[in-house]
Every structure is written in structure tokens, then in C-alpha cells.
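The two complexes that follow have chain A in common; it is paired with chain B in the first and with chain C in the second.
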Partner chain A sequence: MNVLYLNLTRCIYCRACEVACEREHDGISRVAVTLVDPRQPVPVSCRHCEKHPCLEACPETAIEAAPGGAIIIHTRKCISCGLCVIACPFGAIELDAGGKIAEKCDLCEHRQRDGRLPACLLTCPARCIEYGPLDDILAVARTKPGATFVAAMGETGTVVTLPDRSVPGV
Partner chain B sequence: MITSKLKEALICFRAGRVTLRYPFEPSVPPEGFRGQPQLDITKCLGCGACSMACPTRCIEVTNEAEQRRMEYCFDRCSYCGECAEACPEGGITMSSEFELATDSVTDLRTVAYLDLVRCESCGEVVGTAREIDKLAQELATKMNVAADSMPWLRWCARCKRESSLATAQVLQPAEAHL
Partner chain C sequence: MTASGRSTASMSGPMIEWVRSICPFCGVGCGFLAGVERNRLVGLEYLTDHPVCEGALCPKGNAALETVHHADRLLHPLVRKGDGFERISWDEALEGIAARLLDIQRDHGADAVGFLASAKCTNEENYLLQKWARLFGTNNIDHCARLCHASTVAGLARTLGAGAMTNPMSDVAHSDCIFVIGSNFTECHPLASRWVGDALERGAFLVVADPRVTPVVWQADLHLRHRPGSDVALLNGMMKVILQEGLHNEGFIAARTSGFDVLRQSLAAVDLAAVEEITGVPVAAIQEAARRYARAKASVIMWSMGITQHTTGVDNVISLANLALLAGHVGRPGAGLMPLRGQSNVQGACDMGALSNFLTGYVPVTDAERRARIAAQWGTPELPAAVGLTVVEMMHAAGTGALRALYVMGENPMITDPNVDHVREGLRNLDLLVVQDIFLTETAELADYVLPAALWAEKAGSYTNTERRVQWQPRLIPPPGEALPDWQIIASMGRLTGWADQFDVPSPEPVLAEINAVSPAYRGVTQERTQALGGVTWPCPEEGHPGTPILHETRFATADGLGHLEPIAYRPPAEQPDDRYPLVLTTGRTVLHYNSGSMTRRSKALLTRERSLFVEISPADAAQRGLEDGQQVRVSTRRGDADCLARVTSATAAGVVFMPFHFAGANVLTNDALDPTAKIPEYKVAACQIEGLPR
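Now for the complex of A and B:
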């Protein structure tokens, strides 16, 4: 199972990941780099939670937990009720501009089919975003200073390390 | 010549009545007939899936200060059944009712008001109270968590993103993977 890893010590709020995501998904970014406090930008996108409230909320079968760990929205089955938007703990799902279809990060499913990595992490100039098997990611994340946690519901999902604010200059 | 006419008359008498007595008797449409959509407003969550599905834009959803206004204008209805298919709660069903002639077009319109929930921090519309109550109950049973442990159900997407790190830390204590 592959997961995303956000090393937030590195994020420089350049929003290049948003541009990369726009390029891959018809001009609409599914990442939103958000300032959570005056000093900490966070690229917020789907955390691909192990316990997935969006999937449980969907009255159709439009949201699927793919075998690789990604949570995928099947846009053709979406009835645009917006229940997943309310259910998501992270604000990572939104209806598209016409209010028609729920959209969120699909870990660049179309790129991964060709054996390519998601566009956001290839674009990130600060190498804040990484992607790989959960155990490898956790091994790397534990070596970082500051708080490490799985930033999703359940035991798997996106791994995040926060900068260690107690150390000056980190 | 006259015998052939008599034969013809005999055939007609034998066949009996071939026309329906409608409208003096009720007409029963065949199975699968799509008549007027029937609305059960007690089931409506106010999600607006029906309005997105409707090709003739019969169903208008607008947000007012405290309430969501759902207006169903069935005078434009094309009886396609898309709304009934989309409704997650089964609140719209296709009846076989087809005698819809009326003096007043408003007879075919229904307006419903549902209570809105606005984001606790910024006031942006989150959804209707019914949607949120339903989600709280459903997620609590399906994911085996307490219904009041999901405060984000009352936050808008932007505010959820802004507090996403705090939410994540609550959901998954840092010690678990340190």
C-alpha cells in the first residue's frame, strides 16, 4: 500500500503542486495549499483514510477504496448530492464549478496506470511531498524532528511530519 | 351484395365494444408507465441531487438566510424519472398519475423549506440540518465512532482545510507512529 508523505518542514507555500494538479485534472486543482496558522502552509488534498467517511456517506457506490489504498470517486456514478463534501474531515472534496460532480485527489490514477508518479510530488520544488509504501514512509518520517502522525482517519493514509518548533532554524 | 353487408354487420356485432369508456371509467396505465413524480417531503434531505439530474430544470434549490428553499415545478416535468433515480432517500417516486389538467399552474408546484446549517466559524452554508443529522448517525454506526466526535460535519470545506492538522492530530494521536 502506497501513501503520501507531507514533510511540512519543507513546504514553502509556492503552490506549484496546485498548478501541477490543475494541469493533470482539466484545470481544476484538487490540492489546496492552506495556511493553518501564520507560519504553517499545508497542501490539503485527500488523505486516503483507512476509515473513509466519504465512502460511507455516498448513497450510490460512486466512491471506491481501490486495492492500492487510494480512494477513488467514479464520476459517472456521482449524483452530486454533496454528502461526501460534508462527511470529509479535511475539506478535501468539493463539487466542481457547476456543482455537478464531487472531485478530489485520485493520486493521479491515470498517471499511475502508465507507471508514473503523481504530478504534485514531481513538481514540488521543496520536495515536501513524497509517495511510497507505508512502512518505508513511516521509517523516513520517524527520523525527522518534530511530530509525526498519520493525518487521516484510521491507521493508514497520508503521513505528515510537522516542523519541530522547539529547535530554532528548523 | 346484401349478404356480404349482413356478414360484415354480424362480424361487427360479434366483436362487441372495442373502445374504452374512459373518461367515464378510470383508465389503468400499463406497468412501467411514468406519470407524475410523487414527492415525499418528509424524506427529503435537501441535497439537491434531483435538481442536478433534472433535464428540464423543474427543481430549484436556493439558500435563504436560515433555510434552504426547494421548489418543485412539475408543470415543466417531462416524466423522465431521473429525479427518482437520483434521490438517495427514495423521496421521489414515479406514480402512474397522468390526469394533470388544472386551471392554475401553481397546482403543479410544491415549495418546501428545510433548515440550513451554517459553518460554525465563518457562516458559509454547510448543508441542511437533515443531511448533517443523517450523516452523523450513519457514520457513527458504520465507522463505530461516537456521533458527537465529528465536529467537522458542521464546518465548511475551507474551514475544514484550515483546521485539517488539528483534526488529523485528534483522529490519530502522534504517539501512534512516533
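Now for the complex of A and C:
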């Protein structure tokens, strides 16, 4: 099971991940980097949660928890009901411009099929993003300054490190 | 993948050839793979084994292909007809331009003609253009390095003997203290963040001196929020603390520098309380910065336009060299001086001699003996000996009529030069303005002749990045319409103006061979070496030499081999705020656009994320004027005014406002007062006022 790692102590709000994602996904970015305080950017995108309210909410079988760990929307089965958009606790799913199809990060499924890593990970100038088996990611995250936690529903999903200054109470 | 960086793969469907390429934007020199199919660029892929970037690209790099097949590309030579243009043939254009240049040369002398080279063009193209200008008979050849790092070239040449970055960018990862002053590298050179981030995770200390809270400051351990233009005072204060507390490196100073006693005497007169008064930075913070910088095992200084774009630009750079020499932080891994250069080939354009005071290889035009050697190589008895006009001086001379013609290769002074209204008057006053570019830029709109040029993917040649690393860009696709590579256009102009034998140029490769012969630092920079992954770093004095990633390891490049300490006294900026213009305007870049914006404003991905001109203003200054975030405002200075959106943010200090210069308007406001040595304008300080416009 592979997970994403976002080391946000390093994020510089350059938005290269957005532009790369947009280029890889027919002009629509599935990540939006947002300033959560004046000095802390956070990329908002699918956390690929272990418990997946989006999948539970889908009245069709349009959302799949793929064996590798990715949560995938099969757009051909989507009936544009918008329930997954409401269910997602991270605001990571949106209907497309025409209000028809639910869209979100697919961990660059098309790239991984021919052995290429997700575009956001490769393009990030500040090297904030990694992708790999949970244990390896946690081993890396433990060496980083800041506070590390799993930002997802369930025990696994996306591992995030934030600088201490951005974590309330630290 | 072959050695030259070509491979064929069906990564996404039909057969696409993937060719190693160099990013056309900033001076970092990132690599990527460009996908070529049927003479079109169809895709971009990350090049994870590239030593500069490890595959990473900033948002601009990701959008690099958007401008290539853009509908606005210039396709045919144009000649002015009244208020518009008329299409003409290449022969008509080139012969017409040559005839008028020769007329002006005959009637007014060669110094009535100016040439602007381009830090976006290849080494070979810049070499050819400056050679043509000099053979034509003038040193009026300059380019945008004058507007960005002229202070660095002059200041470091005087102190260390070489006006270039001393260490590779990735070397910052080995630094224990990183002192950033006047560089917003997170936006302007985003890849630098990678190595700074590594150093911080190792426990390095980050000191940032900047009037603004940039994303660099987010990660800083210590922020010195000094007033724009107070850099010399701040640096003298830091050096004062280092001497007072005995933190200077006596062994290094004794063995490797000269001038210590004079510097010490001048620093003795510096009063830290006065420094706090001038800079606005508390003495305790100055002390902390000085101690951290001096005590660390390896410290590095990173700077950009915040240091250079001042009437004290050279003073600022000399002060940085003084600081590094005092502490002995130069010539080792993780220890050095890092001016981050702005354009994909600004280092190379300087190396080639596209500067009004230097021939190829930084040979001063006033050095008779070395000038004669180059003249002999160019088959002429003599080259012009007087220092030529710099970029801003050319605009002033155009206004007075001293300059009658200007030949512009890929520059856009109508957006990037200070005091744009004055630039427009000057350009309109010319008898002949020729612009060769890829788009009809704001400058090209004023031209008598517009020549359509090929862009990076449509021509071969070498580019030198900020680390002095020379990399080859192969030709990937043909230019659109009748557009031609800049080297081919310049060679034609050279032949048509009387130098047929010197401009018999069939391709860029023999030009690089000529550069190898003329410039000692480039002697071993052969095409084969530049084609290798990551290229080769000059000085590379002979074939087979490994290149020199770290400068000054045992000896400085000065004549006596020593680093020259030089006392510098603080001088205030040329323009001070007053009752009518009470705020200080400072300008810079954003992460989503590049310089004059002629490329990035044509990228949908970039333009939708940053649409128009804005001004950042502090909450206090906004409240005082009754301004709200997002409101339309008018910014005015002694030179003009510009309308834009207000962004109310604590990122800027009270009394200081910030505007990016990628959009028309910002440089209407800026001051064209110059540094006396480097002739760089003071983009970073202009007194201004802001008022709200009716909604």
C-alpha cells in the first residue's frame, strides 16, 4: 500500500504542482494550494483515505479503492449527483466545469501505468512530496523537523508534516 | 537515451522523440525532456537524473511549451507603414536595415548606433551580436544584465576577481548558515528552495534580510526587515559586530586578503545605534545575524536584485564580499557567494562580452594589449577603445538625439526599463529601431523593422546558467513561418554591413569553436562537453579539463591572487519619501510570471493564476487611505502613474509598497537614477503615493 507524503515545512507556495497536474489532466488541476494562514500553504487534494466516505456515499459503483491504495473515480459511471463532493471531509472532490463529472486526484493513474511517478511529486521544486509504502514514508517523516500526522480518514492515507509554528498548541 | 540526450519512446501513444532540453526561463538551468512529434512539441517529461533540478520544474517550467506554437508568434519580417506594419521579404528587410545602418554610420559615426543583446539567446548568438557591434565600430552593446546583476559583475570583479557565483546551487545543502539578502528565491529561482530545504533539515540556520515577508522568510530562523536601500548600513553593522567580538577569521584574512587595516579603521567609525536608526533593524538582531554567520562552519550568502538594483548596487556587493572575506566563508563546499542570476543565459551573455565595457571573456575594452589580441582574431586592425553606452544610457541618448539607431535582439525595454514614458519618447525619437523577437512585444510595436526570430526549441546553441554551467540545447523543431534563428539573422546583418569573411556562419557549432579560441575560460567548453548531461562548468581552460564548480579554493582571480577588502560608507537611495510621495515603492517578480511577461502572459496556466498588475500595501497604510483589499488604485511617482489592484497584506511593512514588473505600468513609476559604476537603475526604491479610484 503506497501513500503520499506532504512535507509542508518545505512548501513555498509556487503552485508548480497545480500547473503540472493541469497539464497531465487535460487542463484541469486536481490540486489547489491554499494559504491556511499568511505563512502556511497547504495543497488541497484527495488524501486517498483508508476509510473513504466518498466511496460510501456513491450510489453507483463509480468510486473504487484500488489495490495500490489510490481512490479512483470511474468517470464513465459517474451520474453527477455530487454526494461524494459533500461527503469528502477535505473538500478534495469537485464537479467539472459543466457540473457533470466528479473529479479529483487519481495519483496520475495514467502515468503509473507506464512506470512514471505522479507529476506533482516530480515537479515540486522544494521536494515536498514523496510517494511510497507507508512504513518507508513514516521512517522518512520521523527524521523531519515539525509535527507529523496522517491527514486522512482512518489510520493510513496521506502523511503530512507541518512546521511546529503552524500546529496549534505546539 | 543516447549521450546527446535523444530517445524514442511510445510513452503516450504514437512514436514521440524525447529530447533533453534546457528550461528557457530563469538562470537556474533546469533540464527536461521535450516530446517531439511531426515537427511539433507535444509533451514535457521530468528529467530526474538532471544534476541541476533532479527532474523538478517550477510553474513557469511546466508552462514552457505553451508559448512555442502560440498563435501570436511572428511569422514574417515587417516594415512600418504609417501606424501599422506591412509584410516584406527577408531580403528587403535585411538590405533595407543594412543600408540605413550604413547611412547613419557614415553621417553620424558608428557611436550613433546602439545594440541590445539578449540573455534569452544562446552564447553563440550573443557572441556574434557583440562581435558585429564592435566590428561595426562601437561599444554601444549591452543587455539586461545591466538591469539585474551589473553591480555583481563589477563588485565581485573588484574584490574577488570574477563576477560570478562561486559555488553550485546544490552546494547550499552543505551550508550551516544561509544568509539571504535581497533574494526572493522561492519565487524567482524556486529550485534553490530544494537545497535550502535540505540544509534546514540538517539544522542549518537561515537569516533573511528583506523588507518584505516573502516565502523565503516563512522558513527563516531570523528575519531582518531592513528598509529598502539600507543594505550597506546593515552589512557594516554586521561586520562591526564580527570585529568587536573577535569573530573574524584571522588566518584567512592574513593569508588570502588585502586591505584589512583600512576596512577595520572604517568600521571603527560605525555606530550600531545609528545602524538601527537607518535600517530599522534592532541591534540585537544584527548581532545575532553576525554571530550566526561568522561562527558557522560553512556559511553562504545568497542575493539577487534586492542587493543589485540600487544606486549603491556595487557598494552593496562589495560589502557582501567584505563580509565573506572577513569570516573566511568562501572557496569551500557550502561556503561562498551566490548571486542568483535571472535569465537562462544572462551569465553567458556577459561571458560573451555583450556588455558596453567588456569584450569576450571580460577583457576591458580599455585594455589596449588584450583588445589588440581579439582584434587580430577578428581580422581587423583595431576595435573601438571607448566604453560604450549602457542600456539606460542608450535610452537617454535616444532622447537627446545622440543615438540615432537601435538594434534590439529579444529585449523588451518598454516593459523592463525604468521610467518607461521616457523610454518611449527616446525610442520614438530614433531614426531607426529594429526589433527581432518571437512576439510583437510592446517594444516591437514602436519599431521600423520587426524581424521574426526562432525561440529556444527552434535553434541549437549553448546556454550558461547561474552556476557557470554551460549546456547545449539542440534544435527540436523548425521555426514557424519565415522566422529564423537569431544567429542566422545577425550573421546576415554582419555580411551585409561589410564583414562577409567574419560572418560566414553555416551553423552555431563553428561559433562555439571560435569562442573556445577567444575566451580562455571557455577553451575546453566544446560542443561535445556541453551536450553531456549537466554540461560543463567554466573556468574550463583546456579540452578534457573537468570544469570548476567551486571558485577561489586556493587563490582569488584577482591579479595578486588576494581577496580585496574595501571600506564602503553608507549612502542613502537617490529618492527619499516626502509629503507628496510618502511611501517607498519597491519592485520585483512573482513566481507565476517571468520578466517582461511576453512569454508568461501568453500562458493560460500562468495568466489565469496571476492576471494583472497589483500593488501590495500594508494594512496600516491601506487604512490610512481608506483602501480595501481588491480595490482599484492609482500609484503615482515623480515619473508617472499606473492603475492596478490593491492587495492589502502584512507581507509588506508600513511605509513600503511592492509591485511586480511583469505587467505594463510598474516601470512607468521606477527611477532611472543609476549606480555610478555599474550603471544599474534603482528599481528598488521610488517615492510614491497611492490613492483609491472610484468603484
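Assume the second predicted complex is superposed on the first by the 165 of 170 C-alpha atoms of A that agree within 3 Å, B and C clash if a C-alpha of one lies under 4 Å from a C-alpha of the other, contacts with A are read in each partner's own complex, and residues count from 1 in each chain.
Keep this in mind: a contact is a pair of C-beta atoms (placed from the backbone, for glycine too) under 8 Å apart; a residue touches a chain by one contact, two chains touch by 3 or more.
Owing to the predicted nature of the structure, the values given are computational and were not obtained by experimental measurement.
Residue contacts after overlaying the shared chain place A:159 against chain B, while chain C stays out of touching range.
Once the two complexes are overlaid on the shared chain, A:40 sits against chain B and chain C alike.
By the touch criterion stated above, A:142 is placed in contact with chain B alone, chain C being left untouched.
A simple residue count on chain A separates chain B from chain C, and the partner touching more is B.
In the superposed pair of complexes, A:85 makes contact with chain B only, with no contact to chain C.
Using the contact criterion defined above for the overlaid structures, shared-chain residue A:75 touches neither chain B nor chain C, since it reaches no partner. By the touch criterion defined above, A:112 reaches neither chain B nor chain C. In the superposition on the C-alpha atoms of chain A, the part of chain A touched by chain B in one complex and by chain C in the other spans residues 40. By the touch criterion stated above, chain C contacts chain A in their complex at residues 11, 44-46, 48, 53-59, 61-63, 186-187, 190-191, 193-194, 197-198, 200-201, 213, 215, 217-219, 591-592, 604-606, 609, 649-651.
Of all residues in chain A, those touching chain B in their complex are 32, 34-36, 40, 42, 44, 47, 51, 53, 56-57, 59-60, 79-83, 85-94, 99-100, 138, 141-142, 147-155, 159-160, 162. By the touch criterion given at the top, residues 45, 47-49, 52-53, 86, 88-89, 126-127, 131-132, 135, 138-139, 142-143, 150, 152-153, 155-169, 171-174, 176-178 of chain B touch chain A in their complex. Note for the complex: chain A touches chain C at residues 9-10, 12-16, 18-20, 22-23, 27, 38-40, 114, 116, 119, 122-127, 143-145, 163.
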